[in-house]
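Next come two complexes, and both contain subunit A; in the first it sits with subunit B, in the second with subunit C.
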Partner chain A sequence: MPELGRACLLLALGVCAYGIGASLYGVRRGRVEFALSGRRSVYALACILTVAFAVLELAFLRSDFSFNTVADTSSTTTPTFYKAAAVWSSQEGSLLLWAWLLSLWSSLVLFLTRRRLREESPYAVAILLGFAGFFISLMIFYATPFATTNPAPADGVGLDPLLRHPSMMIHPPMLYSGYTLCIVPLAFGMGALLARKVDAEWIRATRRFALAAWLFLGVGIMLGARWSYSELGWGGYWGWDAVENASLMPWLTGTAFLHSLMIQEKRGMLKVWNVSLVLATGVLAIMGTFLVRSGILSSIHAFGGATLGVPFVVLIGVLIAASIYVVYTRRDILASEHRLDSLLSREAIFLANNIVLVGLCFVIFWGTYFPLISEALTGHSASVGPPWFDRYTVPLALVLVLLSGIGPVIAWRRATLANARRNFLVPLACALIVLLALLAAGVSTGKPLAIAMFCCAAFVLGSIGQEYWRGTRLRRSSSGEAPPLALLALVRRNRRRYGGYIVHVGIAVLFVGVAASSSFQHASELSLSPGHSTKVGAYTVRYVRPTGTITSKEDAAHTGATMSLGAVLDVSKDGRHVATLTPSEGFYDSGEPSQGSVGHLIGGQAVSHVSMDGGVTRDVWSAIAPDMSTPRLLRVMNIANKTIPLVRPDEGMIALAVLVREYLKAPPPAQFHLIVSPLVLWIWIGGLIVVGGALIAAWPAPSAVRRRVRVGARSAEDRLDRQPRSPERGLARV
Partner chain B sequence: MSPARKRTVRLVVALSAAVILASALIYTSFSAASPTVTPSQLVREGVAGREYQLTGKVKAGSVRREGQTLDFAVQDRAGEAAVPLSYTGQVPDPFKEGREVIVTVVKRDGRYIGQRDSLITKCPSKYKVTPSKDKTY
Partner chain C sequence: MAVLLTLVLLAAVIAIVGSPLLRPRSAPAGEAADRAELQSAREAKYREIRDAELDYRTGKLSREDYEAVDASLRAEALVILDALEALGIEKPPAA
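Take a look at the complex of A and B:
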């Protein structure tokens, strides 16, 4: 099996080399059959890498510890669900997942655009295969997923318990899909520049894939935030960590591109800006992968001692130099067809939105890479913390939310005073009502930025609600449909516009959750004994009794924990019972005999299983860190380690049962982390609204599909008739 | 004013604003940054009252909790120098002896104090797990 995997990688590298050569030869010499062959190389690559990925996945599912990566990240006791997800927990598996997803998405994109972009596609194919070839080379020369050890160890280390969370199955593939899909617009953008065809066609053809990249990246970021909130025992969802920032940066430039491409489509403006954004998004996606894989920056996620820094630096250097070169040498064909008529126009608001998004990206880039920048400039590494990021990102986020309310209602080209009065009265009234309601409700004025965010969000909801209301009313007056049907028809007929509006609503809702939970949170970190209670905000939390279980079968979270210790907490408000929480901490086998014959059974990573009472208005969140180091418990463990042989884990489990009984009989004080956070649920609801809106915007309308096929066929025929004989002429017949 | 001149003025104003904002960003990043140091560097160069980002491994046998305070020492990745410190606030799950941590510290009255909630432990999501051989029960 490992031989098959290795053969697949070598074959895949050969296919990449052939595909690049065939595509470039085909497009330069006007040989259609070679360009077609290059495109088919991508399909072949997807098939070969699917086989390679299946080989590795099977090795994990069969617990084939002769594969080094399986022995390092899985074990016989790792639950099957997590064995399947453990493939991408290792460096080698992650690289394979990256290359595999890139080949799959590239194949899909090339298949769907096979009748369009004939001049640009061969260049795009060569670029996509170049990226795939880079990652495959890394797997062949630096970190092969198919390296083996003979004889194979009897068992593996196991998947780190922190990763035993359902998000492990979907969060990394989502992020990697986002990163790899960011490469698609880059490839087509560069292809359009190389083919000197920078009209809006390549943008129209790849817009949906840019949106898909944005969506996958966004979902990946949200899943990561949710995972962090519900698993990591710190109660936060964003920490400005380098790896988190790395995924946010291409998302921000991607958001800017999705807005500014509308200006190019409608008015032929911002061509240089758009190709620059596309190229920057692709480069940032690669830089994000580099940051995670190289361990160059201190991060809670980063590798220790990884060796992929140099190849990535070379790739990024080449990519940036090539991007600057093609944009500079094609500047003559990138001139705008129109000028900005007024600063009070939708184009200007879109431009402002772009500047804020790129500004946000620059702030995050500077803060993230500051340790490297300061070391290069001063010789000493220094870093900036969350307060520095908050100082700049919070005001920029406020402006961004406000612009997302102004953009949909302001007129194209030039807004008049009458237009402004007609469109901004309702949104402004909504913002004012919210401000007065907050002040009347006694919300602290000591948090002006949070209050400003609530008002901006109300402005956005007012503005989008007004657009929906007007559209539905217009539809009703022309068709006589009932309001719900008119609303549905309105969205169905213009999915891109109204889907986009839903995304704006989702972003506003999400920021309301972020502003409320970060500004009005109550947290407590303290030690409690059974029967004792504490106050967190308006809530009283009482430690009722300890809990303890052994063996994976009894582990409520089904993550394979050997032992689990926790607590039953009673939460009340004003003397009335609100919720019962049961946080626990799972202990895992370390597989390290030096920790003792019984000690190793619980000597691995300890992981919090958070318990919370989530609600529309607030979350009551709890985590526990039980104290296992009391003299009595240590004595029990010492006796067990001395009397039970290593080869009798069944007896070891009995000793753990005794340990748990002793813990429950006289529980020592446990450390609790308690948080009452308002409106956290709205962050996740906002995220779901964004996803819903993006799916509506990305979904092609049936009539539009038919129209596009007809128009595409007609324009291809027209082009054939008009085109002079040239190398590209042959390609147009593909 | 002619449209071309108007555009030039707009461009100059926009670029000037961008330069001013970028300068402010760069200036504040240098003034707000904490130097990243290893325990041996901190022992050598540590100045009272200044914030440092201390990186290293949690020294075996140094972890002690007293009420709200967690006392532990951070040791060089390869070396003997260690800095004992007192910390209050959130303690991440992966925190344990032998694990790599990053914590913001400041020297007060000859002792190093960890800033509240500044402790982060490297999540092993992207590197191989090496169980601590020092830890025994």
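Take a look at the complex of A and C:
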């Protein structure tokens, strides 16, 4: 069916071109039917790209190696689970995934806002279709997923072993959903500017989608971190890699936007700032895709070729130029309607939070693109490592966490010093208690930044806890409900506020995990022979015995490794058994005959299979790199390569079994990487709390609440007209 | 087979994209959009009024500040309600 796929791409490009023309004609000439037809082009595009994606997915599942993409990134031995995910491991497949997700999300957004944003929507439709058209053009002219070879090869190269991890099924779609959803606020923001309607309506209509973009991007980042921690053999979850940074930058500006949009909603302020933030977030999302797909920077996460650099650079250049032009030419309508009343107000805290977030983004941007800038200016490539990033990002992160505790206890517009003093008492007490507890527990004072982060997190938890306590008490006083019911009702009726508070708790918990695991980690890289032990922190790790398996089709990790060599490690503390770890390294077929008839079966990329004992207080993490280069093992391999013909892989597997037996009989010392990290689990728990809070904040308010407020406001209106208002008689129950 | 499927897809696309051109709409749709935007602005203003009240009741705003903020928010809400009334009696917007 490659013909159908190619036809879909051509049809999709035609629909994009028509939709852009119809939308712009409709809005310029006041022809509603054309604007509507343009909007429907997005729906049609989603249908076409769904068919195209299904064609490609089926080709992968059926191992149809006549598709070049399938032959390059899948094989008959690739487990079915990973065949489905292999679609987006290829350059071409990921471009199709990008365009498909963009069309789906755009359709959903346009359908949900079909009765609103009459003047802005056609411009937004044209911009969304412009982006889709760009990616479809790439697939038609540069990297088509439907290119074929005749005759088809008997087998494919197989999926990159590094990508054979369960999170790869959802990590790329999540990340790409985040990236594509980042384009939605950009399109509507640009549409609002072009239509010269820069009131808060476009923000109200698209806030939920900006939140969804932020959520998807956040989940994608967390899954990537989890993959890095449990699949890559270096033992970390964040390495300030270029591609990791590229996904974090739009998340940071998106976070800033989600806070500052409230200032525009409530006060009509920061219009230029908000528009600039959504434009920056959209541009950074495109740059994130560019970094993964252009091959311009080396990264363990980069899976693209070097062919797409120029089109992406042109797109980014056009985007930046157009953004600056549109904002500049609309500056007359972007003036603030109000001024900041007080520095002791939630607006001021949000502004500070925005400055910190954008500052973080700038630092990361500079560190990420420094190699490119350096190479352009000096001709020499240079890069900055984690210590450089840590130097600037850690203090900024501390301020950010602190602000996330201050914001919730400060009122909009203005707060008095007396109120502030009263509201800060509990959070400050929490921070002080944690500080004293840490010092009493003998936590090293040589890690002041980590201790400061724990105190800031306690401040946040105290501040949010106090908010929940007061809100629940208030609710109980007006409804007489039991505390759990009052708490639930409070959150249900004020989802944005209390969902947001939960997100703050999650961020604080996450940073506690990051601070503890990075500051108080014990790591050891050493060579051990069976029977030997080593100390890692308070734990003793003993290399009990080696392990080895031959797995022609399936292996324990279901990764399709041809051979796995590993170890059984006994972990104990103070003489008591704590855990048994079984790290291993998988060896994969390289498909390269020059490595020998048996050598090629294990000559591909060797991938570490991490083994760890995770817990609430600490993780014991282990990885192994077995030594295959001993003279005895090399001799076995040489004999096998000489005696077994290339066309007999079954005999090759028997030779590998002999090799494994020889390895187990007299195991050489193996290289181990052992880490004991405290509180890593809390990073993932914090991430889950963030997701929960974001879902609550994004969920629509129950209609009953809206109805009651509506009735309340009308009575309030009467009171305003006819009698003095009493604040003790509120218009709606909390 | 691929040609047939392509033709079916093409026909579906023409039907989806072309149908609005056969059923032109104009003023009512515009009025519905205005109403929807005002309703959205009204809900947002009500939320602000509730937020201010919650801030006051949870001790973040002094009574004087709350009264000033509340009066200003209600005045803004009135402007929106007036605009909605000017559009006539509320009906569910046309599809």
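We adopt the following convention: the second predicted complex is superposed on the first by the 690 of 734 C-alpha atoms of A that agree within 3 Å, B and C clash if a C-alpha of one lies under 4 Å from a C-alpha of the other, contacts with A are read in each partner's own complex, and residues count from 1 in each chain.
What we mean here is this: a residue touches a chain if its C-beta (ideal position, glycine included) is under 8 Å from a C-beta of that chain, and two chains touch if they have at least 3 such contacts.
Predicted model only: the values in this text are computed from it and were never measured.
Visitor: Considering only the touch criterion stated at the top, classify A:Arg414 as touching first (subunit B), second (subunit C), both, or neither.
Guide: second
Visitor: Once chain A of both complexes is superposed, is A:Val51 in touch with subunit B (first), subunit C (second), both, or neither?
Guide: After superposition on chain A, A:Val51 lies in contact with subunit C alone.
Visitor: Mind working out whether A:Gly405 is in touch with subunit B, subunit C, both or neither, as first, second, both or neither?
Guide: Neither partner.
Visitor: Who does A:Pro371 touch here: subunit B (first), subunit C (second), both, or neither?
Guide: first
Visitor: Counting only touches as set out at the top, which of subunit B and subunit C does A:Glu201 meet: first, second, both, neither?
Guide: In the superposition, A:Glu201 contacts subunit C only.
Visitor: Could you look at A:Tyr43 and tell me whether it touches subunit B, subunit C, both or neither (first, second, both, neither)?
Guide: In the superposition, A:Tyr43 contacts subunit C only.
Visitor: For subunit A, what residues appear in both contact lists, the one with subunit B and the one with subunit C?
Guide: none
Visitor: Touching residues of subunit C toward subunit A in the complex: what are they?
Guide: That would be residues 1-3, 5-6, 9-10, 12-13, 16-21, 23-26, 29-30, 32-34, 36-37, 40-63, 65-67, 69-71, 74-75, 77-78, 81, 93 of subunit C.
Visitor: What part of subunit A is in contact with subunit C in the complex they form?
Guide: 1, 3-4, 7-8, 11, 15, 18-19, 22, 32-34, 36-37, 40-41, 43-44, 47-48, 51, 115-118, 200-201, 204-205, 265-266, 409-416, 418-419, 422-423, 467, 470-471, 474, 494, 496-497, 706, 709-710, 712-714, 716-717, 720, 725, 727, 730-732, 734
Visitor: Give every residue of subunit A touching subunit B within the complex, in rising order.
Guide: Answer in residue numbers: 72-73, 89-91, 94, 157-158, 160, 162-163, 232-235, 239, 241, 292, 295, 298-306, 339, 359, 362-363, 366-367, 370-371, 374, 380-385, 387-388, 391-392, 525-527, 590-592, 594-596, 598-599, 602-608, 625, 627-628, 634, 637-638, 641, 671, 673.
Visitor: Over in the complex, which subunit B residues touch subunit A? Could you list them?
Guide: Answer in residue numbers: 3, 7, 21-22, 25-26, 28-30, 32-36, 53, 55, 65, 67-68, 88-94, 96, 100, 102, 104, 118, 120-129, 131-133, 135-137.
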